[in-house]
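Could you have a look at this structure, given as structure tokens, before my questions?
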Amino acid sequence: MEFRVIKSPSKGTIDILMKRLGTDVNNTLSCVDAIGLVQGRMIDMICAADIAEKAVGVTVADIRGSCPQNMIMIAIFGDTASVESAILEIKCNLEKEKAIC
Amino acid sequence: MEFRVIKSPSKGTIDILMKRLGTDVNNTLSCVDAIGLVQGRMIDMICAADIAEKAVGVTVADIRGSCPQNMIMIAIFGDTASVESAILEIKCNLEKEKAIC
Amino acid sequence: MEFRVIKSPSKGTIDILMKRLGTDVNNTLSCVDAIGLVQGRMIDMICAADIAEKAVGVTVADIRGSCPQNMIMIAIFGDTASVESAILEIKCNLEKEKAIC
Amino acid sequence: MEFRVIKSPSKGTIDILMKRLGTDVNNTLSCVDAIGLVQGRMIDMICAADIAEKAVGVTVADIRGSCPQNMIMIAIFGDTASVESAILEIKCNLEKEKAIC
Amino acid sequence: MEFRVIKSPSKGTIDILMKRLGTDVNNTLSCVDAIGLVQGRMIDMICAADIAEKAVGVTVADIRGSCPQNMIMIAIFGDTASVESAILEIKCNLEKEKAIC
Amino acid sequence: MEFRVIKSPSKGTIDILMKRLGTDVNNTLSCVDAIGLVQGRMIDMICAADIAEKAVGVTVADIRGSCPQNMIMIAIFGDTASVESAILEIKCNLEKEKAIC
């Protein structure tokens, strides 16, 4: 699993993401503070989306395309602190679950 | 083969899955207790779907997309105990069959 | 090459396969005794289909999708004994040919 | 690169191939004596098709699908001796060229 | 991640790229001084696009096709010095971030 | 990166390539002396196309299909000496650039 945080993303970067994300992303995201990106296998990305969804202050979007069964990246929009805390949550939970399995 | 169980999935997570799953999934799943995810090669996933189908208290759905011959994930909906027991069943049976072959 | 036999497949499993298989599969298969699955590279699957076609008491179906040149799985329908004998035939012949080449 | 020869192919096998091959394959192939299959990387398959095209007594067909730039298999139709000799020719020439490069 | 710079690209090369790039690339690029190419995983390419977007004197374009979720290459158009400086920026930033994570 | 040169290509081979190449290939290529094939990663193929475009006496074509962002092969048409010299140029330049990076 790979993680990246883009602080103060440029307008062009948000445009690139918007075109690749599903349509139910709120337009107010165009002035977002930070974007967290998580890329991995589909089974892990669905768990990651669930964890981020339960975090506070962030909006989660998954990438859809012509091969909808291969979700390989989710984007987490919000202020920098919330995005970083959501990503930390994902890291901890998925590592923990792996340790149990 | 990879396994994950999501307990009390968020509404957003169920939405993501619903959009990626085949259309014959019952709408009553929107208030499901747990979701089991199994990802693997197509040949194993068809066997896993058969085992889960024969288990009690769960609904099985396979993911379809533009490349239908690469089924790589099935989702098992139900209460936590039933989902975990269905996944255990899959693990045991597919391991057993591998040992025989 | 991977092999699996599903005995007394559930109705849901046959449905999953039917939706992914070509249209010339006989409808009478819905009450089939066993399903043999063979997954592998396209070149081997065409040979496997030929061997199974020449076996007795089974119906062979190949999987078609949006990438028709990547046949990666064939399904062999019939009673358990015939399916297992057809799969044994495939194993022996393809191993033998490999040894010669 | 992988090679296989199917002798006296069953009608079902020819049907499977016909549906996956380009449309300019002669219908008279339905009573062909043998089928040679060659699978490999696109660059090698174009060379293999050229070598087989220059051989005597065989018809060459390449597989086309929704991803036409990934030609991964060619089929060579003809009597058993011609098919085997064309495949030998491919093996020798492509090995030879590799040794030079 | 892979990097390449094409100086004084031929008209044919710009044509090839234009056909593969998204439609919002400015037509004035047809007389561009240099093209920087960056290829990598989607998560890295979105960060790379953000870094290049914030650099001076270059235009960034991402490649779109039938599988839009797998952005594997971005092109950076501009004069040679600006393109090389943008690519250096990408190298430094993505390496740095990796070291922190 | 893989290279191959087909001398005096058969009509069938040119047909196979023509169907897979973009439409702006000149029809006069049907009586071409030699075909050079170069297969590799997209980023390298765009550089290779640029180098070949700047060479003398050859026509360059890239392969397009349903996944236009995955250009994996270019074909270089011309007389044998020009094709071989263009391929040598590609080998030298891409190796050289790799050594610098």
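Labels for the chains are A, B, C, D, E and F, by order of writing; each one numbers its residues from 1.
Keep this in mind: a residue touches a chain if its C-beta (ideal position, glycine included) is under 8 Å from a C-beta of that chain, and two chains touch if they have at least 3 such contacts.
Quick caveat: nothing in here was measured; it's all calculated off a predicted structure.
Undergrad: Would you pick out the chains that touch subunit B and also touch subunit E?
TA: Touches both subunit B and subunit E: A.
Undergrad: So, comparing C-alpha centroids, which chain is the farthest one from subunit E?
TA: Using the mean of the C-alpha atoms as each chain's centre, the farthest one from subunit E is C.
Undergrad: Do subunit A and subunit B, two copies of one chain sequence, contact each other through the same residue numbers, with over half in common, or through different ones?
TA: Comparing the two copies, subunit A and subunit B contact each other through largely different residue numbers, since under half are shared.
Undergrad: Would you mind reporting the rotation angle for the C-alpha fit of subunit A onto subunit E, rounded to the nearest 5 degrees?
TA: Going from subunit A to subunit E via C-alpha fit gives 60 degrees.
Undergrad: Using CA atom averages as chain centres, what separation in Å is found between subunit C and subunit F?
TA: Measuring from centre to centre gives 40 Å for this pair.
Undergrad: Rounded to the nearest whole Å, what is the centre-to-centre distance of subunit C and subunit D, using the mean of the C-alpha atoms as each centre?
TA: 23
Undergrad: Counting only residues that touch at least two other chains, what does the list for subunit C look like?
TA: Residues 64, 66-67, 70-71.
Undergrad: For this assembly, give the contact graph shape among line, ring, star, complete and other.
TA: The chain contacts form a single closed ring, each chain touching exactly two others.
Undergrad: Beginning at subunit D, go round the ring through subunit F first and name each chain as you reach it.
TA: D, F, E, A, B, C
Undergrad: Contact residues on subunit D for subunit F in the complex?
TA: 22, 41-44, 46-47, 49-50, 53-54, 60, 62, 64, 66-71, 97, 101
Undergrad: What part of subunit B is in contact with subunit A in the complex they form?
TA: For subunit B paired with subunit A, touching residues are 2-4, 6, 9-13, 16-17, 19-20, 37-39, 63-67, 70-73.
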